[in-house]
Amino acid sequence: MSVWEYANPKRFMQVSARVLPVVVGLTVVSLVTGLIWGFFFTPDDFRQGSTVKIIFLHVPTAMMAINAWVMMLVASLIWLIRRHHVSALAAKAAAPVGLTFTLIALVTGALWGQPMWGTWWAWDPRLTAFLILALFYLGYIALWQAVDDPDTAADLTAVLCMVGSVFAVLSRYAVKFWNQGLHQDSTILKVGEKDPIDVAYYVPLVVCILGFVLLFVALVLMRTRTEIRARRLSALLAQERLA
Amino acid sequence: MDLVVDNLAVARGGLTVLEGVSFSVEPGQALILRGPNGVGKTTLLRTLAGLQPAVAGSISAPPESLTYAAHADGLKAVLTVEENLQFWAAIHGVGGVTDAMAQMNLTDLRARRAANLSAGQKRRLGLARLLVTGRAIWVLDEPTVSLDTASVALFAGVVRAHLGAGGMVLIATHIDLGLTEAAVLDLGPFKAKAPVATGGGFDEAFT
Amino acid sequence: MNALLIRDLRLAFRAGGGFGLGLAFFLLVAVLVPLGVGPEPATLAKIAPGILWVGALLACLLSLDRIFALDFEDGSLDLLATSPIPLEGVVAVKALAHWLVTGLPLTLCAPMLGVLLNLPGPGYLWLVVSLAAGTPALSVIGAFGAALTVGIKRGGLLLSLLVLPLYVPTLIFGAEVVKRGATGAEALVPLLLLAGITAGAVALLPFAAAAALRVNLR
């Protein structure tokens, strides 16, 4: 059986109905475990104190903010190439989730930056790039909402997503060029190298990242199911008008 | 050189409105499309003109041989009659602006801006554009809207001359142009039977 | 193609074509900013490169929705789509016309506004060069945004929301060129990056814009 079978809305609804409870359950387990472990059972950092623990929210949401856009890009390409409606609707469903993750990453960063850098906001390249990413999400969502015909909206937003991806990457490098910044480098992939993240943080952080990945999957599945139902409703209404 | 349409299905807003439409038009022939409002005449003509994809079936015509005229004439209000026609003539790389103005009785208005034309005069200018495209197949959507009787007769003469020169004409209209030699195709029987949602091919899965 | 360019220029310069609105807006920005931030020459000199670039960018934005919307409303776009000119060519020519009517005059007038904002001496050359290299990208990116929103009624605000994030790299590199040039620092690297963005946008975006137009016409 080909993987494209799942792109059939009916099949997708059947499969997702069975998968969704499992994903939701795993999300709850891993998020509760990861966050409680991270917040209450890790030591305070010798310099940052307990503020360091915001990484258990900040790092996973920041990662998912970018991953959500990548997922939208892949889904848009699948829609443009293979014309599977579920793919377009999944991209539409992912956008508000991605925007929320972006905003959470920005807010948690600001909360952490106040005691650490002495300011709520700095025009640091990473922060600026995330702000620009939020603007891309806003434009994408606004375009979906502005176009009446669902197929036209899917096509236009897919093109915007492709072009936007290129410009988002360009913006990232332009912003780096523009200001060198305060934000430390990512240390997650530096285990085994110099100056790695401490193992005491590493394990609960990985659990949290897993939890947020699952949360994203669960939310996108739910929202895609809602979109499919909305499409089905409008298709039935249109049919009734014609009959 | 013929225009052959085979088993064509067209959709509007994701719903198939016409299906199984087949006809052919030979050089020198005109075909009048009839049908009640909303049956899908405009959708069919836009599909023929290549502005939207067909749901099923095929359209075969010589390349770059079609031109389309619809409710909107594509006129620029601040350009004169002559400038409007010269633009379309240049786009299509053909001449004949003076001749086109003469045929549609616009020569006296050549220096007038399109903004100052009456509705019927604008329509005549929009139809004169057909003459400067150099295209053989005219696809016309209600071409006689806002034309008076004399102008309708004038336009019928232009169509007849185009047919006489080996052109082809497809007209969706409710008004009798007096083209007695034209074949008539009633689109009513092609109305999509059980209206099936398509939207590019998968909407049926939503119902 | 030439006919289309000539027609678009003619439409822009005739009454109601909107030529000069962008320039007037640019002038207003250069007047309002000193009124807002105060007349100290040192402050103005410091912010002049950024203000001039942001002003030029916003002035470009003003006339974007005219690129396709007028032709869409009066049916010309349908007729152009069935004409022998490929739609990609239509996009490229219309973006060029927009640049000739907006970007080029902005580039030429920018030095005068630089005087108002007390731009340091070495900055003038870099201001003109960076605007000349960057404004074509603004027009092409804008044409892409206009193609996306052409079917939407009152799409002007949405157009700004879509286009402004896409303007970020151009703005950063453009303003950086002037900023560095004004202080006598090495400005060639950002200028080359700016030119690279323009070249890439001009080469690729007409295809994306034409695809969006086809979707909107059907």
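The letters A, B and C name the chains in turn, as written, and every chain counts its residues from 1.
What we mean here is this: a contact is a pair of C-beta atoms (placed from the backbone, for glycine too) under 8 Å apart; a residue touches a chain by one contact, two chains touch by 3 or more.
Being a predicted model, the structure only gives us computed values, none of them experimental.
*Asks:* Does A-C or A-B have the larger number of C-beta pairs in contact?
*Replies:* Looking at A-C and A-B side by side, A-C shows more C-beta contacts.
*Asks:* Could you pull out the chain whose C-alpha mean position is farthest off from that of chain B?
*Replies:* Farthest from chain B by mean C-alpha position: A.
*Asks:* Going by CA means, which chain is nearest the middle of everything shown?
*Replies:* Nearest to the common C-alpha centre lies chain C.
*Asks:* So the centre of each chain is just the mean of its C-alpha atoms; given that, what is the distance between chain B and chain C in Å?
*Replies:* Spacing between the chain centres: roughly 37 Å.
*Asks:* Which integer distance in Å separates the CA centroid of chain A from that of chain C?
*Replies:* 32
*Asks:* Per the centroid of Cα atoms for each chain, what is the distance between chain A and chain B, given in Å?
*Replies:* 48
*Asks:* Indicate the residues of chain A shared as contacts by at least two other chains.
*Replies:* Residues: none.
*Asks:* When you check chain C against every other chain, which residues touch at least two of them?
*Replies:* Only 218 qualify.
*Asks:* Hey, which residues of chain B end up touching chain C in the complex?
*Replies:* 46, 49-53, 64, 66-68, 70-76, 78-79, 83, 86-88, 90-93, 129, 133
*Asks:* Per the contact definition, I'd like the list of chain A residues that touch chain C in the complex.
*Replies:* Chain A residues touching chain C: 132, 135-136, 138-139, 142-143, 146-147, 152, 155-156, 159-160, 162-164, 167-168, 170-171, 173-175, 177-178.
*Asks:* Contact residues on chain A for chain B in the complex?
*Replies:* Against chain B, chain A makes touches at 8-10, 83-85, 149-151, 228, 231-232, 235-236, 238-239, 242-243.
*Asks:* What residues on chain C touch chain B, complex-wise?
*Replies:* Interface residues on chain C, with respect to chain B: 2-4, 7, 10-11, 14-17, 71, 73-76, 78-85, 217-218.
*Asks:* Given the complex with chain A, which residues does chain C contribute to the contact?
*Replies:* Against chain A, the touching part of chain C is residues 144, 148-149, 151-152, 155, 158, 161-162, 164-166, 168-169, 172-173, 176, 190, 193, 197, 205, 208, 211-212, 215-216, 218.
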